[in-house]
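Read from first to last, the chains carry the letters A, B, C and D; within each, the first residue is number 1.
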Amino acid sequence: MLDRTDPEGEIAKAAAKYSNWGRWGEDDVRGTVNFLTEVKRREAAALVRRGVSFSLAQSFDMNGPQKGWRRRTNPVHTMLDTGTDAALGNQGFPHGIGGADDVIAMPLQCSTQWDGLGHIFDHGKAWNGRPAERVVTSDGDLVTGIETLAAPVVGRGVLLDVGRVIGADGELPDGFAITEAHLTATAEAHGVAIGSGDLVCVRTGQLARVRRDGWGEYAGGPAPGLSFTTAGWLHRTEIAAIATDTWGFEVRPNEFDDAFQPLHQVAIPNMGLLIGEMWDFEELAADCAADGSYEFLLAAPPLPITGAVGSPVNPLALK
Amino acid sequence: MLDRTDPEGEIAKAAAKYSNWGRWGEDDVRGTVNFLTEVKRREAAALVRRGVSFSLAQSFDMNGPQKGWRRRTNPVHTMLDTGTDAALGNQGFPHGIGGADDVIAMPLQCSTQWDGLGHIFDHGKAWNGRPAERVVTSDGDLVTGIETLAAPVVGRGVLLDVGRVIGADGELPDGFAITEAHLTATAEAHGVAIGSGDLVCVRTGQLARVRRDGWGEYAGGPAPGLSFTTAGWLHRTEIAAIATDTWGFEVRPNEFDDAFQPLHQVAIPNMGLLIGEMWDFEELAADCAADGSYEFLLAAPPLPITGAVGSPVNPLALK
Amino acid sequence: MLDRTDPEGEIAKAAAKYSNWGRWGEDDVRGTVNFLTEVKRREAAALVRRGVSFSLAQSFDMNGPQKGWRRRTNPVHTMLDTGTDAALGNQGFPHGIGGADDVIAMPLQCSTQWDGLGHIFDHGKAWNGRPAERVVTSDGDLVTGIETLAAPVVGRGVLLDVGRVIGADGELPDGFAITEAHLTATAEAHGVAIGSGDLVCVRTGQLARVRRDGWGEYAGGPAPGLSFTTAGWLHRTEIAAIATDTWGFEVRPNEFDDAFQPLHQVAIPNMGLLIGEMWDFEELAADCAADGSYEFLLAAPPLPITGAVGSPVNPLALK
Amino acid sequence: MLDRTDPEGEIAKAAAKYSNWGRWGEDDVRGTVNFLTEVKRREAAALVRRGVSFSLAQSFDMNGPQKGWRRRTNPVHTMLDTGTDAALGNQGFPHGIGGADDVIAMPLQCSTQWDGLGHIFDHGKAWNGRPAERVVTSDGDLVTGIETLAAPVVGRGVLLDVGRVIGADGELPDGFAITEAHLTATAEAHGVAIGSGDLVCVRTGQLARVRRDGWGEYAGGPAPGLSFTTAGWLHRTEIAAIATDTWGFEVRPNEFDDAFQPLHQVAIPNMGLLIGEMWDFEELAADCAADGSYEFLLAAPPLPITGAVGSPVNPLALK
């Protein structure tokens, strides 16, 4: 049982128990992505039966959920050149060629994303026990920048549609804490087993709900998500990464009286776990429900933005 | 023979000959990506033998080649929160958690990218014959925005290392026009055949050169690249997409006395061809040369930035 | 009487009646700022009695009123270097020097601002009758860019505190249309006369209200403001500029059944009037009420952002 | 004599000698701007004779001098709406109204600017002796943000055209160190005396040179500028602020064997001096030379960007 009044103590216990510091050497910058081996990638490629691909990304535009918390805005996309200019002959190019160019300004955590290993610290320590101030300065993440994960993040994806298996009408309510029992029951219902190196996709159904009802407090408010108590499962299964269709991966409100994302504090700096947030599983989940197959090749490479502590991503599932 | 003095005439001829307007219906927004079918994706997945993955993206940072032409800058990545703040206890979070967040401002054409179908116009016409001013306004590409290609761009990648096969020391000189003969000879040397739905990767070696010698005029200056005369090959082979390791895909200076990217004018608005630029084939090419296998699964989904006429991308090759 | 059902007709009548096209020659780019002569500036300087200065700008930060309409966000200010980095010795500078730098991304209309003459068009015509498409392209305002007003905007400022004179408790309610009678009564109450070349500051009190009650719909919603019927007064008085403490200068909802900022359509492209929005008159107004003097030197130079159709500004009143 | 080999020692001596810490109380956030009193502002207003105004700002656009050092780019100005869209009827507004909006992304130190008091630290100390890490975090300058100077920066401006008085053809060569003797000689030649609360404008002529010859290394390279030895003069004269037409105010290369902006280290954190850079005195200087009057009212309010360590500014001189 969690002591609701002592997040710091509970976090410390879990951090000690599930730490992967040193597991892949002092210089490691990949954390649990190390579990994703060539063998796993070969097996993942062999899962492709039909050749159907699914984008697991939400849109990147001004209609997103961000409201300004910690200066997180929705992406601002503007044009440097347009077709209207081209049509009016305003561009000064020869032989009838015209062009359009564009630019974007966005937080790297604004929409579908990976959290890099430099995204969260535990008492001033970053992944692998490094001092946070030596890792992430104003110049960005000098050690575990997201560019270090440019190549490896492709492997076996498994969808755990907890919303569909456990929830009513396919959705978990806000504040619902997904436990190991829920994860296991869902995997059994789907006929899959979670194993080392997997990229686990947990659908809560919250995204379906906010699409229907409006964003509301999707960015930072109450949400279904992983219970703090799943830390052991996250560690024991040796998954390479986990992603949810919610803003923050773990259940909100958090399971302590006064806390902020305690599972992040265990999972990222201590376990070295790659976490995906705001993924869109709706189309994939419908397909999985239809064909009964919840595993696929998943290619989800972050953009190699040097020194970034996160990256927008368009994860592709190929069945 | 091209009439060097008449780009407009030559473009008009090629446009007429190689147009795909209407080929996939009036409402089409995917162009040649339509050639990339489920069968092709299945075949591509079957190419994965070793489980090795390669990122084909250049870095996204201030050390890039952009110099401000058409307001194209290198990406500006800044931090919203840092490890130095966390270490100094400046963040106001409970129980010892600290965090780092970041933000980016960048042209969508600044580094490794796809050109969307709204990127280039021919005499005021966009892909499929639509009026440019109805397609790309200040609000972005309202019809063929890059988000329409979020899911399908995964298939068989083939590397044509023209630099290694045709060039001296693995590199083509700037201004070298790659012809159909060069492409065919390279494919033969590699033991591969280009077919419908392929994602063709053409390595010129220019990127290796500028890495060694400095960016110089990489962004917009002289470069090896596809000859205007390859338009027929691009059309006939029914490839889904083509990408190069250069800024602009086609040879520069262009093969006319006074011209600007004439092959773009044929390929994008008339043929509906998806073009990738500034890709990094160096590591992949070395591997292909080593194992003799130049085909692979290629997953290169653009970020679904609503209305964008291009997208940064981290293309993953899986062998 | 305005015909509420015919905004287009009423606008056309007012535009014809109050047009200044050609008044300062075909090449004019300054509009009513032409009224602000050297004589007026000398007279304005002579108004300075006490040497007290007031900033009339709202803050530029994430706590502003913008909600994303037309991609207008609040300013995003981020640091390139910080004191935390400097304190931790992370910056690599010699002899103990440390530094902080920063960057901003913001709409030019996000906070206290001037609307440039290229900001509004009337049936495709910009100021002085120029075709809108020849004036403002994706490259910005090629003719009347705000940089053309870099030097002249300093002169006699007059505060008309309509909120205090006409309103209850110093504030006009949302939807209150300020008429010529209200303006005249306020000037009389203050003992000032509005004259040619003046920079008129109209305080409605709405800013005081939203500061107390929350932004609500300050950005675009109901507000007190100038009645469409003041167009004649704006023209006849030959004022150089007018600014309000509201988002949009004119009353909202507008005084027609279906309309959007009809007074802008008359004032900017037809009259060439410089309009300021979201100014903060609170401190100045209290001072004016206290000392009974409502006129001052006003320096409000826009930032010379080449081609901008507006500019953030920190207007200084010197009494 | 400066010991060229010991910048740290020389800086320490000057810092001790010319420190203003505590001079205006423990809570002070204005530094030398405190010298700019109401009396000084009244006297400044009385200097206005002709009513002519001059903008002292360089342009804000992509044609600026920035080359990316410390992620300083030139401003990127893009349009959210354009006249081309309006002309083509693409905007969806009623009764023939059309509009243009725009957005900017820029470093606050990219063009004509004020350095805020949080811009430079001396051995981890900010202005008034505060710990740098408590003043400027990733959230910006929490104490001496430039918004604290929104109102007071208007007073007597004095142009010291050192380029014209001391230089050949009106320009000082790069690397020229302006000493107290040069400043005094220039003031004498102009018939002005520098006094407490003045806003001193030092023209070197470098801007005229780079306008003629190209930017070259204007941003950060060799330049004429104030000698380190002027620290005493800067302190003794009790000026409120000083600005130059160069990138960095002090002479470059700096006057030590291995140093970076040593005078900044004395002037900003220790003296609390407001420093302006990249100002444009060309038009004003010509006028002063013509009418023989080198003093004027100067209004140079920074934009109140909350927490900024600098601000773009359009300084207005009114003669």
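As a convention for this text, contacts are C-beta pairs under 8 Å (C-beta built on N, C-alpha and C of every residue); 3 or more make two chains touch, one makes a residue touch a chain.
These numbers come from a predicted model, not from an experiment.
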Interface composition of copies chain A and chain B: same or different, split at half | same
Between B-C and A-C, more C-beta pairs in contact link A-C
Centroid spacing, where centroids are CA-atom means, of chain A and chain C in whole angstrom | 44
So, in whole Å, the Cα centroid of chain A is separated from that of chain B by 26
Touching two or more other chains - residue numbers and ranges from chain B | 71, 76-82, 84-85, 87-88, 90, 103, 105, 133, 137-138
State the interface residues of chain D toward chain A in the complex, per the touch definition above.
-> 76, 78-80, 82, 84-85, 87-88, 90, 103, 105, 138
Note: in the complex, chain A contacts chain B through residues 7-8, 11, 37-42, 45-46, 48-55, 57-61, 63, 70-72, 75, 77-84, 86-88, 93-109, 118-124, 126, 131-141, 147, 150-152, 154, 258-262, 264-265, 297, 299, 301-310, 312-316, 318
